[in-house]
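Here chain A shows up in two complexes: once beside chain B, once beside chain C.
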Partner chain A sequence: MSKYIEMIRVRFLMMLAYRTNYYSGILIYSINIGAYYFLWTAIYGGQEEIQGLSVLQMTTYVAVAWMARAFYFNNIDREIANEIKDGKVAIEMIRPYNYLGMKTMQGLGEGLFRLLFFSVPGMLIVALLFPISFSANVTTWGLFFVSLMFSFIVNTQINLLTGIMTFFLFNNSGLIRAKRVVIDLFSGLLLPISFYPLWAQSVMTYLPFQAISYIPSMIFTEGFVGSEIYTAIALQAFWALVLIIPIQVLWLLAKKQLIVQGG
Partner chain B sequence: MMNVIEVSNLRKDFISYSSRSGLSGAFRDLFTRNYKVLSAVDDISLSVKQGEMVGYIGENGAGKSTTIKMLTGILTPTSGTVRVNGMDPHKQREQFVQTIGVVFGQRSQLWWDIAVQESFRLLKKVYRVSDADYNDHMGYVIETLEIGPLLDKPVRKLSLGQRMRCELAAALIHNPPLLFLDEPTIGLDVLVKLKIRKFLKELNEQYKTTVLLTTHDLTDIEALCERVVLLDEGKIVYDGKLASLQENSVEGKQVEFQFLANVTEVQLPHRREVSWEKKDGQTWIATVDGDERAVSRLISEVVQRNPIKNVRINEISTEEIIRKIYEEGMATS
Partner chain C sequence: MFYVSIFFQYASQYLKTRLTYRVDTIVEIFSDLLFQAVNLIFILVVFGHTSLLSGWNREEIIFIYGFFLVPYAIFSSFFNIWDFNDRYIVKGEMDRVLTRPIHSLFQIIMERMELESLFGVITGIVIMYYAGSTLGLTFAWYDTFIFVAMVLGGAFIYAGIFISLASIGFWSDSRTDIMPMMYNIGNYGRYPVDIYHRVIRFVLTWILPFAFVGVYPAAYFLKREEWYFYAFLTPVMGIVFLSLAIFLWNSGVKKYRGAGN
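On to the complex of A and B.
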């Protein structure tokens, strides 16, 4: 276990090695949140609420969704793809650890770093600029963090799946880009799921994406109440378990047909 | 003594696609593609004892790296059996890699953006090396490879020679009994090469580390390995002592005489085992088909008759021998 914790530490060091990336990240997220804030206040106009969400809930939703994204979002799909493309995966195979486990830990290291040094300060700045309602309820916070953990797991699993696909496709930058757009759209980051037409909503209930962003944000804004919260978290847990299966299957196949490119 | 590496009838096939020419060919390739099966490694059997240093040589594309990748469990063999350190490298991967160290000269196994010592620290945790073992063993490695001052620098700031010494140290963190080196001296200057060779020799003597080394630089092999395995198009063409490879393949020695004045062929001694070749008026090359005694007899006869400026005995280098084997096939076996 200690090797996985050490990996998180190394990831922190790597994040610190590129400070410009870190600062520009904060800037980009602030611009995004600001843009959505003004967009939504314009859409609401004088209306009290749309689809059961008040304007205050909506702006909170947007801010929280982006700040949560800082935690669950990672580029390990791209990293896996690059390591496969330039043959670095050979090095990973001669180490006594589980490659996918190590990648997940790297993602977690990155996520924790951004949560602590990026989301928290970012949230404070945003709270100064826009009206945002923070729940005073400790349970809500607790449930939010549980849900956030699951959104990290589900998103990382989808990234692993996309990354492993490189073993079969050899170049899947198109797939990676498509996946990112699909997640932004279907996870409820850009638009809460309840705003989609009903047929689209029913399709999305069968997809894992809403477990990534919609559920934690709805919990935080108290858009979900009572048993709704627990069903939502159970749904996340369900996806976290189910996605293990295709990952393991693909990984076994990938190891069989591993061809180290170049040299 | 137990065999560290035990390989029999090992084979690895790759499917390679070839693209058709032209635009219409590219469109046809979308639907069906031409492919052929290539054997990168073709029916190899090999065994290596503990403490041996084996040079594994061959041209580009002869299958050296593919063999190493199968021995280290990175690739699965198409057929044949591999036992390394008594384990199946692919099936028991996580347990197996604990017992080997690998250096790929063309790839870095250190983390690019962080200081060398951070990489070492992570690897120490990964291989579960105790503090005492680490200090004891790595203290020696770091000192011998002279990488102490480099430890706090990020890998991307190191020169190639510095990086390669750190790579070697990284592969040795868990003091593995078996070390695979895939072109460890590629692109290095003579001083660094010498340092690495000296270190490997010491390591082999001190810990009885078995080393399997591939390289294009045959001086590495000459300096380190008693035994060579020569690979050509996926097959082993020679497996044995480096010295006997040299003995068998040397068909004769060449002696180059530079005379003070022009010399004609009648002035030179003629024997059955000597053939003369004129380079220019003053310089003649004698090819002697015989041992050192024949050579010295020839030299003394020549010197008695003609005043000479210079005599040079050309030994055929290992490089020459290996070039010959590739061009003409193994004549002596």
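On to the complex of A and C.
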């Protein structure tokens, strides 16, 4: 276990070395959230609320969705793909740790770094510039962080799956891009799921993507209340467990038919 | 002339690599289409809850989006330099490029081109055709030339901004994460700029002029006369921004010292 914690620490320190870039990143994120704020204000026009969300809640939703993204987002799918293409994966596989576990921990180290040095200061700046409502309820915050943890797990699992696909496709930059687009749309980052037409919503209930962004953001904005919150978190936990199966199956298959192209 | 034949050489090599990984190529084209669909879905869903966006209706916004896709497709097939810093400067590849007797920027454009992105031109025209016929727009014969000029202007603006950002790498080789996020900012030029605060409007018009790749030129075809001045400025802005970028690039290359062993 200690080696995995060490891996989180190393990745965290690695990111710390490049922290200056993150200040420019905060600026760009703020512009991004700002533009969305004006876009949504224009969309609301005179309307009080759309699908139960007020303009204020919608702005909070957009801000928290983008800031949470900084935590759960990582590029381990691309890293795995590159390691397979370079042939490095052969060395990684004989090392005394679980390769996929190690990648997850690296992702977590990166995520924790961004959460502390990017999302927290970023959220403060955005809150100064735009009207954003923070919940005063401690339970909401607690549940939000539980939910955020699950969104990291589900997103990382999907990234692992995409990365492992490189074993079968050899070059999967297209798949990686497609995955990113699908997640942006179906996770609720761009639009809350409740804004979609009903038939689309019912399709999305059968997909794991809303566990990534929609659920934590709705908890934060208090768009979910009471038992809705617990059902939503249970859904996230469900997907986190179910996705282990395809990862393990593909990983076994991949190890069997591995062709090292270089190295 | 020499550059033209070099282009065809690179293009034929490129097609060979694409045909080797056929599944990936198809997935890539598919993911491009998906990406274009996402933005269209955003517009459609939003207009499910409102009928006007500060005086512009759904089809007009869709038309702007369709127009945006055309210059954007040209830009993304040839100017994939968002990872220039990592790929060329940190890894020392720039040294190899500089030893060859062709302009360095041209070589990098050729090495990084992704011709399949040109598919976006077709998607854009289909979307514009749909929106235009719903709106009952009419076009004169000379509009074709204006269209080409505006598309090139838009593509030049995009190229100019991204080349300038890549040139920063010559002065500072630390990693920057600005480039990927710039793609997001580019999206805001697709909505009527009068919805934004005047600071953002100023940025989108004069500093990062993404509004010239969407709403301004499209306003001409939508016959929104209050924006004609900005619409006709598009090719001018394109040439100015691209020239500035090339100037920056050339002075960067002179400054370049190499980063590795």
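Following the convention adopted for this analysis, the second predicted complex is superposed on the first by the 256 of 263 C-alpha atoms of A that agree within 3 Å, B and C clash if a C-alpha of one lies under 4 Å from a C-alpha of the other, contacts with A are read in each partner's own complex, and residues count from 1 in each chain.
By our rule, a residue touches a chain if its C-beta (ideal position, glycine included) is under 8 Å from a C-beta of that chain, and two chains touch if they have at least 3 such contacts.
This is a predicted model, so every value here is computed, not measured.
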State whether chain B and chain C clash or fit side by side on chain A once the two structures are superposed. fit
Considering only the touch criterion stated at the top, classify A:28 as touching first (chain B), second (chain C), both, or neither. second
Just checking: does A:96 make contact with chain B only, chain C only, both, or neither of them? Give me first, second, both or neither. first
With the two structures laid over each other on chain A, which partner does A:169 touch: chain B (first), chain C (second), both, or neither? second
Chain A residues in contact: does chain B have more, or chain C? C
First (chain B), second (chain C), both or neither: which does A:39 touch? second
Contacts for A:226 in the overlay, against chain B (first) and chain C (second): which applies, first, second, both or neither? neither
A:177 in the overlay: touching chain B, chain C, both, or neither? Say first, second, both or neither. second
If you stack the two complexes on chain A, which partner ends up touching A:195: first (chain B), second (chain C), both, or neither? second
Least Cα gap, in Å, left between chain B and chain C after the two complexes are fitted on chain A: 7
Shared contact residues on chain A - chain B and chain C: 18
Would you tell me which residues of chain C are touching chain A in their complex? 21, 23-32, 34-35, 38, 41-42, 45-46, 48-50, 52-54, 174-178, 181-182, 184-185, 188, 191, 195-197, 200, 203
Touching residues of chain B toward chain A in the complex: what are they? 14, 65, 69, 72-76, 93-95, 97-98, 100, 102, 104, 106-109, 111, 113-115, 118-119, 121-122, 125-128, 154
The residues of chain A that touch chain C in their complex are 18, 20-22, 24-25, 28-29, 31-32, 34-35, 38-39, 41-45, 47, 50-51, 169-175, 177-178, 181-182, 184-185, 190-191, 195-197
In their shared complex, at which residues does chain A touch chain B? 2-3, 6-7, 10, 13-14, 17-18, 87-88, 90-91, 93-98, 255-256, 258-260, 263
